[in-house]
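Each structure below is given as C-alpha cells.
Across the two complexes that follow, chain A remains constant while its partner is chain B and subsequently chain C.
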Partner chain A sequence: MRNSTPLRIVIGIAVIVLLLFAPRVLTIVQIRMANEIAYFALFAVSYNFLFGYAGLLSFGHASYFGLGAYTTALSLKHVAGMPLLASIALGGLVGAAGGAIIGFFCVRRKGAYFALLTLAFNQFLWATAWKWHKVTGGEDGIGKFVPKSPLNLGIATLDHNQVEGMYYLTLTVVLLCLAAGWYLTKTPFGNTIKAIKVNEERADFLGYQVNRSKLLIFTIAAFFAAIAGSLFALFQDFVATSSIDLGMSTQVLFMAFLGGTGSFFGPILGAVIYVYFTDWVSSLTNRWEFILGVLFILLVLYFHRGFIGLIPTKVKAIFVTQKGS
Partner chain B sequence: MVIMELRDLHKDFSGLKVLFGINLLLQKGEKHAIIGPNGAGKSTIFNLITGKYTPSQGKVFFKGKDITGYLPNEITRMGLARSFQITNIFRTMTVFENVRNAVLSKNNARLDVFSRLSKMNGIVEETERILSQIDLLERKNEMAGELAHGHQRAMEIGLTIATDPELILLDEPTAGMSTEETKEAIKLIERVSTGRTLVIVEHDMEVVFSLAHRITVIYYGQVLASGPPEEIRNDQRVKDAYLGEEKE
Partner chain C sequence: MELTMSTLLIYALHGLVYGMLLFLVASGLTLVFGMMDVLNIAHAAFYMLGAYFGYTVVLATGNFWLALIAAPIAVGLLGALVERYFLKKVHIHGHAFELLITFGVFFVIGEVVKWVWGNFPRPMDVPSALAGSIKFIGLTYPFYRFFILFFALLVLAVLAYVFFKTRLGMTIRAAVSDTQMLSALGINVPRLFLYVFSGGAALAGLAGVVAAPFLSTYPGMGLDMMVDIFVVVVIGGFGSIMGAFLASLMIGELQSFGILFIPQLALVFQFLLMALVLISRPTGLFGEKV
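Right, the complex of A and B next:
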C-alpha cells in the first residue's frame, strides 16, 4: 500500500498557510466571504457526519446551528463579562445537549420517520424562536452583542471587531473542529458508524449498540453544527429565526450534496461553491433561488457524488485513506 | 454443565403458529445439529435464541441467565454468536475490515473516540489470525461483496467466531455449496468450533452426521426426536417424517 502521509501533511500545511495569509491579498468583501465559507464548511461537515457517515438523512440540522447561535448571542447579551471564547464553547455544549435530547427520540426511528421527526423538532424550535419574543426578539432577532474589547490571548490580542480579526477567530475554531472531526473518522468509533451504515443488522449481531452509537454521532454532529452557529452569530453580530429555520436546514443539506457526501472534504468544497455560487447568481438575477433549485435537482438526478466526484481519483487518493490495513 | 436451555418456546407471527413448545438442553462443549424439513421452524428457533424475535411464550436461558427479550447486541456480548442462512456481511467493506469489525467489538472498542484505528496493532494481529483460520488472509483487501459464494460463506463464519463466543449458532453454513466446498466447510467448522459449543442448522446430512454429537429433529414446530446420531438415524418416526428413503 502506497503511503501518502508525508504528501498529505505538506498539502495540509500549504493550505493552512494559504488561509492564514489570504487576508493580505483579499479585499474586505472577499475576507467576509471566506469567513462565511469557514463556518458553513464546519456546518456542512457536521451534517455529513449524519448523512455521509451514519446514513441518517436529517431535515432539521439547523436546530443545532440555531441553538449555538442563540446561546452565544444570549449569553453575551445577558451575562456580564462573558468571555467571547466561552460563549462559543457554551453554544457548542447547548447544541450538543439539544442534539442528545432530540437524537434520543429520533435514532429509534428509521428512514422517512427519522427524517420527519428531525423536521418536526426543527419546526418546534423555530416556532419557539419565533414566538418567544421576550427572549429571542422573535422576527426582530437579537443584535449588537459582540463585546467591543479585543480578545486577549495572553501573548497577543485579536480584534474580532475588525474583519481580519473575526476571520482569524473563525478560521482557528473551524480548523480545530475539522481536525477533531477528521480524527474521529479514524477512530474505532468512526469505524462503528461506518459498519452500522453498511449493515445495521450484522453490526447488532456483532455486539454493536446501534441506537447508542447513532445517538453519540448525532450529538457530536449537533455540537459541531452549534459551534458553526456560534461563529455565524459572532460574524453577523445578529441572530434571528433565519438561523434556525427550514431554509437553513435545507441549505446545509444542499452544501453537503453539492460537494459530495462520500468523503470528509466534499462538504467543505460544497460550502465554498455554495457561497461563491449564490453570491454570483444573486448578482445576476433576483430569481437565484430558482436557479439553485434547478441545480439541486440536476445534482440529485445525475451527479450524486457531488463536485468532489469530478476530481481525478489519483488526486483524491492523496486525501482518502486506502482501504484495508 | 448446561450452557443453554430452551424452555417451552412458542412463536406465532400474527396468528400463524410456527413453534409449539420447544424444549432443549445444551451441554457445554457439545456439537448439536438441528434438522427438519423446510418451514419446520429451525431458523425461528435461532432468531428467538439470538434476540431477533421475542418468543410468544417460554424462556431462553444462557449460562444460567434468563435472556428472553434481550437485544441481539446484548446477547452477543454475553458470548453467543450466530451466522446467517442468507449471507449477512459488510459487503462494501474489505474482508479485513469485516473481521476487524467483530474483533473491535469483542475488545469493547466500539465507542472508542481516542485511539487511532490504524495504530491498534493488537487488533490487526487478532484480525489476521482469524483471517488465516478461515483461509481468507490473502484476500484481505478484497471487497467482501465481490468474493465468490464459498468465500462469502467462510467470511460469514469468520464474523461469527471473531467475537470469540462460547456458543456458536450456524444457520445452514453450507447452503448453496458444491460437494467439494462442503468438504472444506466441514473442516473449517471443525477447526473454528474446537473448544466451543456449537449448534448447527443444516440440510446436508453429510455435514450433520460428520459434525454432531447430538441431533434434534424439528417437525412442524415441535421436537420430534433428540439424541445421538445413531439413535436418530434409526428412529422410525424420523425416517417417516424427514430422512425418508434418501438415507436408507
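Right, the complex of A and C next:
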C-alpha cells in the first residue's frame, strides 16, 4: 500500500484545487450548497470518530453542533468587536467543554446505555435552548449577528458577506479540521481508539486507559462538531433550536450511514449525497423525510457499508490505508 | 401561589397519575431490554401510535372502550412485524445495528403520523362515562385521572399475576436471567422474544390510548415520552420491573412538584437525578446487569 502514497497526495491536491476553483464555474445556489456540504461533511466526520472509530453509537451529536452554533452567534451578538475567527474557535472550545462534561457521564456506560444517555442529554440541551428565551430567543432564534466588515487576514481581506467569501472561509476551516482529524487517526492515540472498539476488555488488560481514551475522543468529536456548528451559524446568520434538536442528531447519523462508517471519507461522501438527495427529493415531494427514513432502514438492513461500499476495492485502496500497512 | 394542604395533595396526585402512565410505557421497554438486550427506541413510537389509533377509533365509532381494545392489538401486531422482519434480521450484526433499526422505525413512524394525522395536536375528548370530577376530602379532582390511576394499577396487577403466577411469566423471568440456558432447556426463545416484544408494544399502545384524552395527541408526544422513560429506566435499572415502577413514580412526582415550585427548572431536576444515580449507582437503583 505504501506505493500509493504519492498518488494519494496528487489526488488530494487535485481535489483541493478543484474545490478552490469551483466557485468560478458554479452558480450562486450551487456554491451555497457546496458550503452546506462542507460544514456537514465536517460534522459527519466528527460523528464517525465516535461510531466508526470508537464504536460509540451516539444519538445526541447535535448537542455540540448546537453549542458551537449558539456560542458563535451569542459571542458575535453580545461581545463588541468580537473577531469572526475567534468566535469560531470559541464555539469549538465551548462545544469541547460540553462534550467533556456530557462525555464524562456517557463513556462510563456501554451500548444501549451510552446511546440513550447521549440522547437524553441532547434533549436536555434542546429544552434549555427552547425554554431559555431571554438568551437563545427560544423558537425565534438569534439572527443577524455576522459582522458586516470584511475579514482582515493581514495580507488580504475576505468578504464573508459574499457567497464566495463565506464559501472560502468555510472550506478553509473545514479542510484544516479534516486534515487534523485525518492525522489524529494515524497517531498512536487513534490506534488505541480502534483497539478499544475491537475489544475493549483486551485493550484494558493491555494497560490502555479505556475510559480516559473514550472521553478524549468524545471531546475531540464534540470539538469538531462544534466548529461545524459555528460555520453553520455564520453561513445561515441565524441560529434556532433546530440546530440542537434530535432532528439534527438524526441528520448527522443519516449522513454518516449513507456514506459509510467504515472509512474516514465515507461520511464526507454521505454529506454530499445527503445534501443533494434531500434537495432533489424535497423538490419532488413533501414527504422527503419519510423517504429518507425508509432509505435509512434499508441501509441498516441490507447495506451496512454505505455508498462508499459501492466504490471498487482497487480504487478505494488508494484512499484507505489497509490495516497493518 | 398559596401552598395549602389541598394544593400539595393535588400536585402529588398529578405526579402519581403521570408516574403510573410512565410505568405502563416503561415496563415494556425494560422487559424487552432485560430479555433481548435490545433498547427499543421505537417503543415510544408505539405509544404514540396507540394514542393516534385510539383517536381514530373514537372518532369513527365514538366508543372509547373499543379503542382501548383495538388500538393495543393493532400496535402489538405492528410490534410483532418489527421484531420478526427488522430486529431479527440485524441481530447478527450486533448491538449498534439493533439500536439503529429501532431508531429508524421510530423516525419512520413519526413521519407517518405527521403524514396521516397532520403536524398539529389532535385533542381527544374524555369519554363521557369518565368525564366530570369527583370530590373527596374537600377537593375536586378530574375523574378521568383517577381512571388512569386505577386502570394502571389494574394492568400492574394483571402483569404481576402473569409474571409471577403463570408458566409464561416464569419463562420470561428465566429469559431475563439467562436466555442461553433457557434455550438449552428446550424453550423456543425466538418465539418468546416475539411474544414479549409484541406484548411490550401493545402495552405501550394501551398507555397511548389512556394518555390521549389526558395529554392530547400530537406528533411530538413520542419523543416527549421517550426522554422520560429513558430517564426512568436509567434510574430504575435496566430489566428491573420494580425499578421501573419506583423510578416512574419518582419522575412523576419530581415533574409535578418541579412545575409547582420552580417551573423554569422543572426539566433540569430529572436530569440531575439521573446524573446523580449514574455517578453513585451506575447500574441504576435496582439494576444488576451492566
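Keep this in mind: the second predicted complex is superposed on the first by the 322 of 325 C-alpha atoms of A that agree within 3 Å, B and C clash if a C-alpha of one lies under 4 Å from a C-alpha of the other, contacts with A are read in each partner's own complex, and residues count from 1 in each chain.
Definition applied: a contact is a pair of C-beta atoms (placed from the backbone, for glycine too) under 8 Å apart; a residue touches a chain by one contact, two chains touch by 3 or more.
Since the structure is predicted, the reported quantities are computational estimates derived from the model, not experimental observations.
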Worksheet item: Looking at the overlay on chain A, is there a clash between chain B and chain C, or do the two fit?
Response: fit
Worksheet item: If you stack the two complexes on chain A, which partner ends up touching A:K194: first (chain B), second (chain C), both, or neither?
Response: first
Fill in: chain B versus chain C as contact partner of A:V135, first or second or both or neither
neither
Practice prompt. In the overlay, answer first, second, both or neither for which of chain B and chain C A:L206 touches.
Written response: first
Item to complete: For A:I11, select first, second, both or neither according to whether it touches chain B, chain C, the two together, or no partner.
Response: neither
Item to complete: Pick one for A:F59: touches chain B only (first), chain C only (second), both, or neither.
Response: second
Fill in: First (chain B), second (chain C), both or neither touched by A:V29
neither
Item to complete: Classify the contacts of A:L301 with the two partner chains as first (chain B alone), second (chain C alone), both, or neither.
Response: second
Item to complete: Look at the superposition and give the distance in whole angstrom between the closest pair of CA atoms, one from chain B and one from chain C.
Response: 11
Response to the item:
Seen from chain C, its contact residues with chain A in the complex are 33, 37-39, 41, 86, 89-90, 93, 95-97, 99-101, 103-105, 107-108, 111-112, 115, 223, 226-227, 230-231, 233-234, 238, 264, 267-268, 271, 274-275, 278-279, 282, 290
Worksheet item: Can you list the residues on chain A that touch chain C in the complex?
Response: 51, 55, 57, 59, 105, 108-113, 115-117, 119-121, 123-124, 127-128, 131, 246, 250, 253, 257, 287, 289-290, 293-294, 296-297, 300-301, 304
Worksheet entry | List of chain A residues in touch with chain B within their complex | 183-184, 186-192, 194-195, 198-199, 201-210, 212-213, 216, 321, 323-325
Worksheet item: Mind pulling up the chain B residues that touch chain A in the complex?
Response: 50, 71-73, 76-77, 81-82, 84, 88-94, 96-97, 100-102, 104-106, 109-118, 120, 124, 140-141, 159, 162-163
